[in-house]
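What follows is one structure encoded as structure tokens, with my remarks underneath.
Per-chain numbering from 1; labels A, B, C and D assigned in written order.
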């Protein structure tokens, strides 16, 4: 097995596990970042260089920082004095996750008997080709995506802004 | 034009930058050990004890060990023990006069309160030592400095003090 | 003859050396890896040392002081003395702080700072990683550097550090938008994200390959992106945003020493502090290098073909000389600005990014699009006029009122 | 030799870890982190299928991943805004305590 794949996948699994098990939220976010970076490495292994760059740009640069901001904006969240880590009935959650894992892994294990097509010859798509495909056949999807992002931007601002103060209420 | 103020500011700093190479009067820095220092007649740092005669420095100290300065010193850096003769009679001079200059804050209150003009402000500042306890605790013999030295560092003030002392000596004679 | 092309001298020497070893592919692979990383790790810290000296000297002269002049000739050994001092200092970690993240933050900050250098084309055939996604890779890896700055602020368990860290995140995230939008114009008109292609597009290749020496010089200068209307405004936006991105004056709010001690650096001492300092300067080099690549023609500069050479690609002065000259010119401009402008207020900082730089960068993209389709003799002056009007207009609507004129009774 | 199966197993493991986080943790932000992990696992799956599939030149897996990353970014921003809004209302980030529909 490829050493790079092994290291990156171990990093990814460790990062994901720590991200959901750590008490300290900032540590959890940090290990989530390691998970994202390891996944970007896997994307590079799969010759999706551009997606790897986008992954780092969007997840590490934006989503991760956003999570940190949310953690910082809600006080009493960083502390470790939370008592219980898991919710009541966590055992059912564990069982559900395990069941989903079994369902996901079953076809893979069954497929192991079949002969899989070997990976086609290396082809690293240039950004220009991706851009051309993105602009012509998937142009509408791109526009819809732009709309979605705008809507999300407006929605996030509306949802996160504090409720409007009543006009009769005297100003503090 | 918007942002032209930034260019004006940049021009000013550029003028300073190049000016400091061509115009010597711009560079006011004195390079300390080689080109001397900037001690003036107004410099004040730590106190010293004045004596009158160069021959017997520790016997002609003006200090009578009245301990007013010791009491008044805000950070309490002065320590005085009065001298006694063989019979145990108190003498009007200090046996120990220590100033911890690591504590002294140079407030000049000891000088203000001294009725005998015995303690004055020094302008020396090269006081660094290798031992932070022993080297910064100045004893009587290190603190004692002649009146001529006082004249050298603070001439105007020293003349004033001499005149006052002379007047004081004359007054009891007249009375 | 190896001296036929002084520009490619190093490349050719390395190539010949590697050819000798072609029997040992593993050795060649390791050597290739080392050759593309070790020079970066060696040269840029050296540049950092020189720049700290330059900055201290320059700022001192701007303020009519002398600056460091004791360690070595003209104080040139000052960086060495600083380094020794930093190494020997006690490494203090706050007891209430988070030990692991406090240690990780400076290390994590240095990694992206060095990694982004790999996509910069220092000269022809001298790009450590000539990736197809060069520019986007630069911004992707560069955007990681916000995280360690925040971690440094948070792990110190100190109000000032946390404030500095939060300020740093807010500032870096906001200024990344005009930064990226101003590069979009270059990428659009070049049609490539590859940094090497972007530099090559800024040369008039027919003139450079021709025989006329004057045309060879002009051909490597006239087509720089900064001489077009969108390139000029784009360069200005890029430069200003990059000042904010690397926390230089007048955007040094995260470590504003007069307000919040030293921001996220407050609780750092010794070599960890030196690492922060180095990372800051190296990202300043990297972003200046990208500005040179995108707008100032990269390795191309007034250069002729050596008279003894027949190779049409040959150049007399090696390209990396021009690259580093231009990069240091930008660094000196940063120092000059640091000596001139006072620090912004936080709300002004955010307003400047979102209300002025971002709309201007967006308009710049439209102008660049029009410039591409219009004939040059219309597009060039018209672009400048339109962008100037937009610039003044945006400035006017952002100016705000000064409020009622104050009168001072006792002054 | 790394084959498609390895990537699929890795992706399944990551997805289950994300699901575990969503189902068992009480903190709202951790629940969001779990959702991000699940989305990333799905992205890995898409890219792996594209890489080992017969039509490399169509970029379908790449583009699907690109769009899913964009959706994930939108989801994260709205989700975190909701976390902040809900926190402001209930004064707790604990999803177990958010058990009333009004007041």
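As a convention for this text, a contact is a pair of C-beta atoms (placed from the backbone, for glycine too) under 8 Å apart; a residue touches a chain by one contact, two chains touch by 3 or more.
The model shown is predicted, which means the values in this text are computed figures rather than measured ones.
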Task: Averaged-CA centre spacing for the pair chain D and chain A, given as whole angstrom - done: 5
Task: Cα-centroid distance, chain A relative to chain C, in whole angstrom - done: 30
TODO: Provide the C-alpha centroid distance between chain A and chain B, rounded to the nearest whole angstrom.
DONE: 69
TODO: Report, in whole Å, the distance between the mean C-alpha point of chain C and the mean C-alpha point of chain D.
DONE: 35
- [ ] Going through chain C residue by residue, note those that touch at least 2 other chains and give them in order.
- [x] none
Open item on the list: Going by the contact rule already set, what residues in chain A reach two or more other chains?
Closed with: 50, 54, 62, 69
Task: Multi-chain contact residues (two or more partners), chain D - done: none
- [ ] Based on the touch definition given at the start, go ahead and assign the chain network to line, ring, star, complete or other.
- [x] line
- [ ] State which pairs of chains touch, listing all of them.
- [x] A-C, A-D, B-C
Open item on the list: Give the list of chain C residues in touch with chain B in this complex.
Closed with: 58, 61-66, 336-337, 339-341, 391-392, 395-396
Task: chain A - residues contacting chain D, complex - done: 1-2, 5, 9, 12-13, 16-17, 19-20, 25, 28-29, 32, 35-36, 39, 42-43, 45-48, 50-51, 54-55, 58-59, 62-63, 66-67, 69-71, 73-74, 77, 82, 84-88, 90, 92-94, 96-98, 100-101, 104-105, 108, 111-112, 116-117, 119-120, 123, 125, 129-130, 133-134, 138, 141, 145, 148-149, 151-153, 155-160, 162
Open item on the list: Looking at the complex, which residues from chain A come into contact with chain C?
Closed with: 24, 26-27, 30, 33, 37, 49-50, 53-54, 56-57, 60-62, 64-65, 68-69, 72, 78, 124, 126-128
Open item on the list: Please output the residues of chain D touching chain A within their complex, sorted ascending.
Closed with: 1-27, 29-30, 32-34, 36-37, 40, 43-44, 47-48, 50-54, 56-59, 61-63, 65-67, 69-78, 80-85, 87-88, 93, 95-96
Task: Of chain C, residues touching chain A in the complex - done: 98, 100-101, 104, 131-133, 136-137, 139-141, 143-144, 146-147, 150-151, 154, 166, 169, 173, 176, 191-193
